Amino acid sequence: MRFEDLNWMDIEKYLAQDDRLMVVLGACEQHAYLSVLSDVKIPQALADSASLQTGVLVAPALNFGSSPYFLDYPGTLSLRISTLLDMVEDVIRSAYRQGFRKFLILNGHGGNDPVRARLYELMNHLEDTRIAWYSWWLSHSVLELAQKYDLKPSHANWLEAFAFTRVADLPQEAKTPPNIPGLMGAAEARQVYGDGSFGGPYFVQEIVMEELFKTALQDVLRLVKFD
Amino acid sequence: MRFEDLNWMDIEKYLAQDDRLMVVLGACEQHAYLSVLSDVKIPQALADSASLQTGVLVAPALNFGSSPYFLDYPGTLSLRISTLLDMVEDVIRSAYRQGFRKFLILNGHGGNDPVRARLYELMNHLEDTRIAWYSWWLSHSVLELAQKYDLKPSHANWLEAFAFTRVADLPQEAKTPPNIPGLMGAAEARQVYGDGSFGGPYFVQEIVMEELFKTALQDVLRLVKFD
Amino acid sequence: MRFEDLNWMDIEKYLAQDDRLMVVLGACEQHAYLSVLSDVKIPQALADSASLQTGVLVAPALNFGSSPYFLDYPGTLSLRISTLLDMVEDVIRSAYRQGFRKFLILNGHGGNDPVRARLYELMNHLEDTRIAWYSWWLSHSVLELAQKYDLKPSHANWLEAFAFTRVADLPQEAKTPPNIPGLMGAAEARQVYGDGSFGGPYFVQEIVMEELFKTALQDVLRLVKFD
Amino acid sequence: MRFEDLNWMDIEKYLAQDDRLMVVLGACEQHAYLSVLSDVKIPQALADSASLQTGVLVAPALNFGSSPYFLDYPGTLSLRISTLLDMVEDVIRSAYRQGFRKFLILNGHGGNDPVRARLYELMNHLEDTRIAWYSWWLSHSVLELAQKYDLKPSHANWLEAFAFTRVADLPQEAKTPPNIPGLMGAAEARQVYGDGSFGGPYFVQEIVMEELFKTALQDVLRLVKFD
Amino acid sequence: MRFEDLNWMDIEKYLAQDDRLMVVLGACEQHAYLSVLSDVKIPQALADSASLQTGVLVAPALNFGSSPYFLDYPGTLSLRISTLLDMVEDVIRSAYRQGFRKFLILNGHGGNDPVRARLYELMNHLEDTRIAWYSWWLSHSVLELAQKYDLKPSHANWLEAFAFTRVADLPQEAKTPPNIPGLMGAAEARQVYGDGSFGGPYFVQEIVMEELFKTALQDVLRLVKFD
Amino acid sequence: MRFEDLNWMDIEKYLAQDDRLMVVLGACEQHAYLSVLSDVKIPQALADSASLQTGVLVAPALNFGSSPYFLDYPGTLSLRISTLLDMVEDVIRSAYRQGFRKFLILNGHGGNDPVRARLYELMNHLEDTRIAWYSWWLSHSVLELAQKYDLKPSHANWLEAFAFTRVADLPQEAKTPPNIPGLMGAAEARQVYGDGSFGGPYFVQEIVMEELFKTALQDVLRLVKFD
């Protein structure tokens, strides 16, 4: 269940029996031919599926992440890293105050990784808290699946081309990954990445994507147990 | 069109012809028997309808606002006021960098009003920007409609009980508005507000709600012209 | 009594019997022909009068508020909204530490409204605190008085033209209120507002101003009871 | 002239001929038997006198400074050092925007010294600015005068006991200065300092105070020339 | 050459011919039996060696990093993540102002990774900047070397047991890596990690460590070319 | 002993018997012909010597201070004052958590003085803490020694020309101190100070420097007793 389908009394009832919360962390940024909200849509879909099976609540998505390097691509709405950390802290602290204690962060965007630093700091202040962090594309099982099909997972390539993130036709030809000369500012990044994909095939068979989703979902179902 | 249904190339094409953006500001907070995301859902619905008629883009919703006084109601996820202002600033600055110049802020939550102060500050830094702020329930035409039906608009009463914000049955009897002794902390607010509504009837006829929505939508359609 | 006429021992004695404090919030900003400190002078005068009758202490005025939109008028010294909120927090926390518990904020400037957000946050941290906020020109009784005389209260018009805020002759002719095209930056605001008044008559008979002051003072006297 | 006696047109006229501003920095803190606003009153009196002779404008006083060590004395309203620096920055930036270029900071409180660090930072951003800082009690000429009368200048002793800072009778007997064991927190400071004076005679002859004031005033008159 | 062996004229001469700077980022935190400054000592040694061969300057080490999870181990002096990011920004901005344009960040501590987010932000403000980030233990060539010897690199195990980080005898027996239940607060981390090593052998033959150092040094020498 | 020569177990043992810590605060800034790290090297040398005699631990040096006025001299790496205060706070809080209670701050740089403001604030939060602040060049005994030899202590003159801060030949002729016109920005400071020394002889006999060092060391040895 998502927060949006509940009122506070529903959530109070839930808290009488459970103290787990799934938090969806994403980004609004260029994803080549895919939706600019791909990094929200994927962990949101995982959260919804896991919630269906477990009943664990899903907080409203944090729709913005840290993507300073993509700011010259229209549609990239990026938070300063300090803002992002404060936002996550405030959401966790609010939920903690009301009794939530176990937080599964479902993260869809690599640039949000610094949030972990703030979460570690928070854990020194919020007693009895457990926090698990899941960046689905870095999961062991996801990487194994990629290897099985001899595919390289990368930003805005096949890896993120789910039925629900596709908003346009995708190129048939795979893209040669560009060379990356260290950290890049937004102007250089746009030049280097062109259409925005980091290279490789733009899509694979739908059946592989379904397997990919199920694989990640298994991870989420395991993590949300908090045992 | 919402950002989520577009990729960056779509948005780039849009910017070649238009520089307007609708930004949905809301809150995740107790709304008595209504969805805790009511303050997002209402301006989002207005934005979607206005976008349908005008083609003006809608940025992803800022799902969290400032609601410190409701923090003792489960499901209220509140940002510190400083975080909220930073978040809005970052979103506006990102869009400005890419060519957006006219921002219509569709605000669903009274506690977000301080955001205006930061927007004024921003306007001194971002040249050629126009910003309009619309808190739908404070609109002249909405207040007139309320008077016409002899209804008092208030937090979580009939005013916000749209078909799409209702997630449970609503009490038949109107509620007597509680006495408010100045500013209240979260504990006192919960005691004073009880179920969370500020009083009055919990709902009215659907036809009135449709008129209400249309009234607010007319405002939005007028404001989004920026003339 | 004002703080400036007391030493710490006097204040300690006061705290043995009372825990109320009046805090004057203002602004240093253009007020057309009136003093740039009008927004301090008015609530200060109310505080002094109320103190005379009740003995409740008055803290030193916070002489600066948030007025980014008036920064192109010389004499407008505006704090960033973040600075203003921090300043008010620090003053309240200091007084709280020493035993003050009931704070009546006498606010003279509309741009300071976001301070309320920080006060709500503070109330979740400072136990047993009561805070009342009074923006005199928005008071019910003040609005009624304006209606009685068929006058519209606005920035730097008759409403603020007290004997003690006048520092120059005032125009005889009323001003036509300008059209306001949404939020404005400082440059546009100066162009739109010209001499700085928001329109209407620049002054009314002294006897009306005295009635106005008494009306607001009655509000203050009632609020400062904290019952 | 003080800002409070002027409207923005007056200040605009002034700026057509002059770009100097005196800024009064003070504190609201225990001063033993003297006014808790002594640190504002003294530099304000110097500013007013200097303004009378030179016509240089005086901004509204910053009534609060940094006094964390005195927070256990009632009436000490202390800003966090970060707030204080932000406040001064905002005031200077506002005035700079309108054409002020030469700032004479008249400081009444030793704890405000860190403000100088922010002023140095500002000077790297605000072109053609000149800033002079005057802490009157540290002035060469004031120290010479003290030596002439074999007096030690200290917090809340004779040094600050002007006619206009006295709000109560002062002890006849001089106080033995307490031993200071390094930096102190507020609780320890109250224990160590007792009545709040740092020791020595509580007052001297009025004629000495007048000489003292004139001495400091000569410094101000020289500094405000900015030559 | 290190900054400490130079005066400003030396650095000015250097800048006339070169604009590269090596910046050592570390941590002061528990490293089991190794020096609490191991994370500084290793990148510092790499920087010194690379400087010897290339003449590229080395800035003074940033001796503190972000290690909130180790705060219950004595000797762990950890910066809030916000402080760390500000510190790195200030150092880079200072050097940039003086003409440095190519920054090789030699990072010794995994917890400092969020610094990259701030660096990306900076690159959008500092024109013509190039920044390379090197976390030596994550380097491809270092991981290959580890695999060659069938060793797992981990915090405070053989990987960091250089001659110059050893300050005590090391246990002969390898340690079984503990199970990590998601993110941990400081108290839990101390319980789980015991002596602080993440497991595996505490040391290997000196000849392997020399090969390891040389391997990392080759990376640094290649990166510092900025070609 | 320095932290760098110890592991956490060593520090834990120390804490079982002692709770004192020496913290070296410095700067990386122009010092004319001397090392840009002079302000670190001097207090570090004092700390090391004092540690040798007393066994009190020495934390890793904070290599950067606040020097905005010297930013146009290459090699000056200056922290914003806000960053510096946060850094010191974090270091003290970390050590406090582990049991350190008595902090002797050995400061090498005048621009770091605002740190004292934050330390006072901290003392109101960290119970049973004692903090002593030592800026060696302002010490009574150091000033007496200077007077004995008829020398004026100043930035980057003889005062700081120890054997271990000298990295180049020093001019034979003394320098005439420049006139200082109030606070200066970086550009003006470079023009006014030329080679960076504040004037007077660039060096004195080694034997005087040794006496100077011993004099300051006696201060440190007395302060570190905390009696």
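Chains here go by letter, A, B, C, D, E and F, matching the order in which they are written, and residues are numbered from 1 within each.
By definition in this document, a residue touches a chain if its C-beta (ideal position, glycine included) is under 8 Å from a C-beta of that chain, and two chains touch if they have at least 3 such contacts.
What you see is a predicted model; the values in this text were computed from it and never measured.
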Touching chain D and chain E alike are F
Smallest number of contact steps required from chain A to reach chain F
2
Select the interface copy of A-E from among A-B, C-D or B-C: the correct pair shares over half of its contact pairs, counted by residue number.
B-C
Centre to centre, using CA atoms, which chain is the farthest one from chain C?
E
If I average the CA coordinates per chain, which chain comes out farthest from chain F?
B
Whole-Å distance, C-alpha centre of chain B to that of chain E, is 47
Measuring centre to centre with CA averages, how many angstrom lie between chain A and chain D?
54
Round to the nearest whole Å and give the separation of the Cα centres of chain D and chain F.
28
Among chain D residues, those touching two or more other chains are 71, 80, 82
Could you classify the connectivity of these chains, where an edge means two chains touch, as line, ring, star, complete or other?
ring
Taking the contact definition as given, in what order do you meet the chains if you travel the ring from chain C through chain D?
C, D, F, E, A, B
So, in the complex, the side of chain E touching chain F is made of residues 3-12, 14-15, 28, 30-37, 40-41, 59-64, 71-80, 82-83, 86-87, 90-91, 94-95, 97-99, 167-168, 195-196
In the complex, chain B touches chain C at residues 66, 68-69, 71, 80-82, 85, 111, 113-114, 116-121, 123-124, 129-133, 181-186, 223, 226
